[in-house]
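Letters A, B, C, D and E mark the chains in the order given here, with residues in each chain numbered from 1 onward.
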Amino acid sequence: MVDATAIYTRSDAVPRGTKPKRALSGRNIMIYGTLLVFSLYYLLPLWVMVMTSLKGMPEIRMGNIFAPPVEITFEPWVKAWSQACTGLNCDGLSRGFWNSVTILIPSVILSIVVASVNGYALTFWKFKGSDVFFTILIFGAFIPYQVMLYPIVILLREMGLYGSLWGLVLVHTVFGMPILTLLFRNYFSTIPEELFKAARVDGAGFWAIYAKILMPMSLPIFVVAIILQVTGIWNDFLFGVVYTKPDLYPMTVQLNNIVNSVQGVKEYNVNMAATLLTGLVPLFIYFVSGKLFVRGIAAGAVKG
Amino acid sequence: TDLEVTHWWTSGGEAAAVAELAKAFDASGDKWIDGAIAGGGGTARPIMISRITGGDPMGATQFNHGQQALELVEAGLMLDLTDVAEANNWKEVVFPPSLLDACTVDGRIYCAPVNIHSPEWLWLSNKAYADAGIPVPTNWNEFVETAPQLEAAGKIPLALGNQPWQSNLAFGAISIAVAGLDVWKQVNVEKNMDVAAGPEYAAVFQAVADARKLAAKSTVQDWNQATNLVITGEAGGQIMGDWAQGEFQVANQVAGTDYTCLPGLGLNAYLSTGGDAFYFPKNKSADVEEAQKRLAALLVSPEVQVAFNLKKGSLPIRGDVDLAAANDCMKKGLELLAQGNLVPSGDMAWSPDVQKQNEDLLVEFWKTDMAPEVAHQQWVANLKSGL
Amino acid sequence: MTNSIEVKDLTLNFGSVSVLKNMNLNVAEGEFVVLLGPSGCGKSTLLNCLAGLLEITDGQIFIKGKNVTWAEPSERGIGMVFQSYALYPQMTVRGNLSFGLKNAGVARDEIERRVARAAEILQIGPLLDRKPAALSGGQRQRVAIGRALVRDVDVFLFDEPLSNLDAKLRSELRVEIKRLHAQLKNTMVYVTHDQIEALTLADRIAVMRGGIIQQLAAPQEIYNRPANLFVAGFIGSPSMNFLPGATVEGGHVFRRGDLSLSLAGYEGGTIGTRDKVILGLRPEHLVVQDHAEPGVTLPAVVELDEPMGADSLVWLQAAGAQVSVRVPVERRMAPGTQVHLKVDMSKASLFDAGSETRI
Amino acid sequence: MTNSIEVKDLTLNFGSVSVLKNMNLNVAEGEFVVLLGPSGCGKSTLLNCLAGLLEITDGQIFIKGKNVTWAEPSERGIGMVFQSYALYPQMTVRGNLSFGLKNAGVARDEIERRVARAAEILQIGPLLDRKPAALSGGQRQRVAIGRALVRDVDVFLFDEPLSNLDAKLRSELRVEIKRLHAQLKNTMVYVTHDQIEALTLADRIAVMRGGIIQQLAAPQEIYNRPANLFVAGFIGSPSMNFLPGATVEGGHVFRRGDLSLSLAGYEGGTIGTRDKVILGLRPEHLVVQDHAEPGVTLPAVVELDEPMGADSLVWLQAAGAQVSVRVPVERRMAPGTQVHLKVDMSKASLFDAGSETRI
Amino acid sequence: MAEARRTNRMWRNLNAKIAAIPMVLTTLVVFVGGTAWTVLYSFTDSKLLPRERWVGFDQYERLWSNSRWLTSIENLMVYGVLSLVFTITIGFLLAVAMDQKIRYEDTFRTIMLYPFALSFIVTGLVWQWILNPEFGIQSIVRGLGWESFTFNPLNDPKLVLYGLLIAGLWQGTGFVMCLMLAGLRGIDEDIWKAARVDGIPTWKTYLQIILPMMRPVFITTLVIVAAGIIKLYDLVVAQTSGGPGTASQVPAMYVYDYMFQAQNLGQGFAASTMMLLTVLIVLIPWAYLEFGGKKHG
């Protein structure tokens, strides 16, 4: 009992409960400081692009690229989208947009289907030499595209696919394969093998397990793959221009044409607007699904 | 018949010129499908070649005169235009004849030349010299002499873009100007390597070494940005092809008052005659082949030549047309052309491989403090690799 | 004896979820307290609060009389051992043991001395230059304990240190920890799921549920006199048998349907007449016999017989409930056999069905 | 009785490592065989071979008399339950149960009938429309069993189905599986680490080590008459005590240093005089008493006393070895106490130290 | 019996084998075949079109005596090392900062990640513009009154690689940050607790405990970043065209220029082969560690 009173007096003394924290601790200043400085670095180009695209040429010539426009004009955007000329075609980026979409959709679908099936086969259905193929595939990720340009021309020619949409889709599938397969393989190998075994006991075959068991479980990694492919394919210039013909040229080709067309003084505002317009689709995807992306990366790309 | 035509003419003047071609072609009931690829020949050529070798050729495509398409022709991928040429008398009308020679392989003609471009021009800003209080130079030597004064007035004496081909072009212009026509011909036509290694060319390299100091402050990328420096008077001058005057025109500058043009850098008034030509890849369909031949004939026809070259600011490939509407600088060129002060262009003389090597070398030479002797030696070695 | 750890009115919320509720706990110096409870009841949370790894919402924590509520974990004079071992994988065993000391600026020879001593106590001397990946589970656990040991602290916190080990190793290390405690005489707070561990190691067991300590007492006390229905059901494997019923005749007789059992000999409070009680009988406190003794036995039919090596667990149907009884393994009982179970009321527990607390 | 499963000369190599070595195993129809053994001994591998999930290197497998060596898993007439449940997370319980049937093209109403029956047997009716994430561990395990159940097969393969559950749930489900077996009378092959499970569930236990079956016999046989030292040490918790020594006097006396124990009553083969034998004594077969009986008792000193609820485990030092004895929990023994342990030789095991097999 | 078994083996998992066909074809025909084809023709004097006129190692001799190629290799090495070091350091630092339970994590992450959505062409253009001395950073700072301020990396041969680096890092560090963050989040919570009980300061825990534990993440990152560096092309073309002079030339540009502009396929193929060889030299030890090592571990 004597003890109890002693405890009682002591318990009135602070500290008690949650330790009070200062909002402006040195640590916080450092962390947020670092983040803010880097955010500035990351945002600066976007800021410049947006601001410039909203200015008229005279204002640009006068000067400060960082300053917001005195007079906002959407003229450059309109021009970039529907008026900028390439050779004789003065319909801006609009023509390329639908081409890009037409290229994008089958390419993304096919490349992801193929890569995910690869990853699936490499994880659960190892066959003799499958690791060798996988290793070669990873080496493939390092081959500069320029190196493969010519052999692929020959290949496509032999297959009779040169210049067609499907030829391009094939090229995207092939070049997306290494990294995507790696991604899927890593992800699938985190899925317990027992699940796969259970499905086999349940009489599901190769495709049934893939479609009914694994696919529905692998949303995060599919999201990552879709994001990577959409960005990659949408931004692709080289393949789009080399392996197709003008009526299929993607938006980036138009962008290149607009940006590289030397028409007196460079119309920076139009260039920036065109750049932004071209980047809109991947940017949108990143802004919308950034969180899923990180989750997917955590789930698939990085493993011990 | 629809005919897809690929080319890398995308600047304002160029596009307008192409429009003339298209208009003329469409007028005959065919259809010109435009396949412009911006970024210059370097970007466009791989695409064109890929498509031709990939078995999905376009109807017609631009190449520079000379050896660029040689192998495609040799591989039998190009349409033989000899009948068109004969029917339209190209042998007589095309002037200078070297243009047609460049299209001829084993006696057959495979391309239709459309224009002549001469790179050896010095463009000067009258305003810059006015600002510095000195008279506008009349030749390259004067330009070099007055450069320090310009610099003192806060001007960049020589504008030079960062793209490799610009360095190459400037070297070519200086070499004709400094070494003189005979020496130039011995090296580039007769391929006399002793002359190439000789003191005349050593002097050329020395001259370039001097010139590169004048361009040290020039930090632009594209050639038209460099031209723009001249237009605004920030730079004294620029060595650039005749296409530069398109830029002056767009900026509403008047030759003689706002700017001055000196063909052959004002020293040796000779122009090399490179240019563009159209090739017609072999096609399976007979219809297309007919259309290709129609287009070939059309390109060389006088009306199209006039319309096209006026817009393009280049010289026509036939001597029998009248370019009354041409401006001051263009007329200077026409005059030289008429006098026959012409030399074949590098595109015709040397393989792309040699040219590329020299381009690499000259870029380095212009932009670093590489010793002229070293560069000279390497240059000769490069030429020898192409013999 | 002074208190080594004192927890006063400790409350911890995760957001709006209250995980520990106004908890009070005193641990005497040198005492071995085991926290036992179902998954998610807050055992690890409490341990983390003691270690300073979680910021508490309210209350105070004293270690050796010092208020450490706001102190850093390393300043609290505690050592902690984790379920996943949490060894630094890239360091050797020696590195793992000495890393903390180096950081605290302990002199080199002192570090060596302490590491050597810990290695000796834990018999990991030959492993000192290996990396954790090259150790077996048991060895890793020993190193993890060693890391706490070298810190020379008075309070050890163990969070399920043995649950990643297999049964055999677990029982070996259990004995070792007990020896260690006897040798070092530190205060130990030990979290586990495992009853055997709790019962064999603890001086006192704190049975927790939903962030509240249900009973804090010596193991035999908890086993024999569980404070409430939850503790009674939670402790003991196989579980205590529960028979709902009523007390009649002034609390002298337990009645369930036709069945009457005399409550004479029951050790507990005053029973009185109650409508709803629950009688708890441990399987080993029921004796199987062939003849009935009115008021003391209940008739039962054998359902299933589970031999488990030394003993057998027999499942019977008695008074409309399933009852398990422990018998020597030699005594095999065929399903369907009619037997009688004799109740040792002095070892029974009686709970109020409403409050669920022991009567 | 015909054999439900016959394994003939089964060999399985992973690359150059031989995991199962020339194994033979027959399981009778309706029999419950438990595979028991230390981690990595090949239990799961054997099960996977039976299920057709691993391609065997050599040998043959017959199920119900049919050679299924090359058959697909789904064609073998087996159902399998995995340790991690392996439920399809994106399907409801109903979906999980019916997936296999749909794959096999079973008619809709038949599927419904079977799912309903399995749900009834396993009491998971109310859970049918939940997804696995919304189930507790025990419920998930039940669904996993249900998935095997609906397939209406004769052979069930269980791979440590209960080891992810806590002790309490484990013992509950254990009983349930036993009931299920009694009800369905399927052949069951059951892998476990847990001795209690093995001892209570099995008709026969196969103790494995390093890909070889060490002993295949009824639980009590394995417990009381282990075929070799490994089985003896592996089965029983706490472990059997081992005393190395020699047999003298024509095999009538066990001698270790000064200590002599009469071997009269030993149940086994002819003993004879042997230089090196090991005497195995289970903790529950030693009786603690105060007085010595020459030739029958061994003197011992109490070291540690571990109360475990119903019993207590006492660790003693006897004849230079550490010995554990099980006593009722009431009997507390202070460290240092001198006692004598009486040996029941009829329950002892004697092993040849060289071959390690039982004499 | 033995026969039956073999056929059995062949037909087992037929679907899996069918499904692997695209991968097998891709690796064999495109990657192996294409590479072999390239290597083979690097021993010819192919110009615009491939032809089988064997010239032995001539192309290689010429390659290695070409100063542009040597500069390219040097540049790639400098840029590569700097880029690897900075991407990984910055990526890791940012990930660490993001891992501190900060507010607005989503916003910060989006800001850091969005450049990854833009192509190198766009990246090059924007940064070319921002670094342009006439209206970019230099002119702004001068406009603020600091007249002598010079920041003109793209036109200074000594600094141009840093100019590229600024753009390259801008585009790529966000993604690396994501990888690192994922790695950090994957580390056992208990390790942190153990370190705190041991009294190890946060920075030291990161440096001495967490960093070594993230080895696999670093390897993945390294592979991805390195693959990007070796392919470096678009960025340089868009930002500097390899200039000033040859100060920012890279091997991929050399390959492309010689294959298509110089119309000297043989030379281009020889350069590609050298690039591939470099890749192999870097990758084989890695592949060995990643795949070969497991059998022993």
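To be clear about the criterion, a contact is a pair of C-beta atoms (placed from the backbone, for glycine too) under 8 Å apart; a residue touches a chain by one contact, two chains touch by 3 or more.
Labels paired with UniProt names: A = Carbohydrate ABC transporter permease; C, D = ABC transporter ATP-binding protein; E = Sugar ABC transporter permease.
Predicted model, so just to flag it, every value in this text is computed and none were measured.
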Starting at subunit C, fewest touch steps before arriving at subunit E: 1
Chain pair with the most C-beta contacts: A-E
Gap in Å, rounded to a whole number, between the CA centres of subunit C and subunit B: 91
Chain centre separation in whole Å, for subunit C relative to subunit A (CA means): 52
Subunit D-subunit E separation of Cα centroids, rounded to whole Å: 54
Distance between the centres, which are taken as Cα means, of subunit D and subunit C, whole angstrom: 26
Residue list for subunit E, restricted to those that touch at least two other chains: 256, 259
Multi-partner residues of subunit A (at least 2 other chains): 149-150, 154, 256, 259
Sites on subunit C at which at least two other chains make contact: none
Subunit D-facing residues of subunit A, complex: 192, 194-195, 197-204, 208, 212-213, 216-217
Complex contacts: residues of subunit C adjacent to subunit E: 48, 51-53, 72-75, 78-80, 82-90, 99-100, 103-104, 147-148, 151
Subunit C residues touching subunit D - in the complex, by the definition given at the top: 38-39, 166-168, 171, 174-175, 178-179, 193-196, 199-200, 219-220, 223, 234-239, 282-284, 304, 306-310, 313, 315, 326, 329
Sites on subunit E touched by subunit A in the complex: 13, 15-17, 19-20, 22-24, 26-27, 29-35, 37-38, 50, 90, 93-94, 97-98, 100, 102, 106, 108-123, 125-127, 129-130, 135-136, 139-140, 143, 170, 174, 178-179, 181-183, 185-186, 216-217, 220, 223-224, 226-227, 230-231, 233-234, 251-252, 255-256, 259, 265, 268, 272, 275-276, 279-280, 283, 287, 291
Of subunit A, residues touching subunit B in the complex: 85-89, 149-150, 153-154, 156-157, 160, 162-163, 241-243, 245-247, 253, 256-266
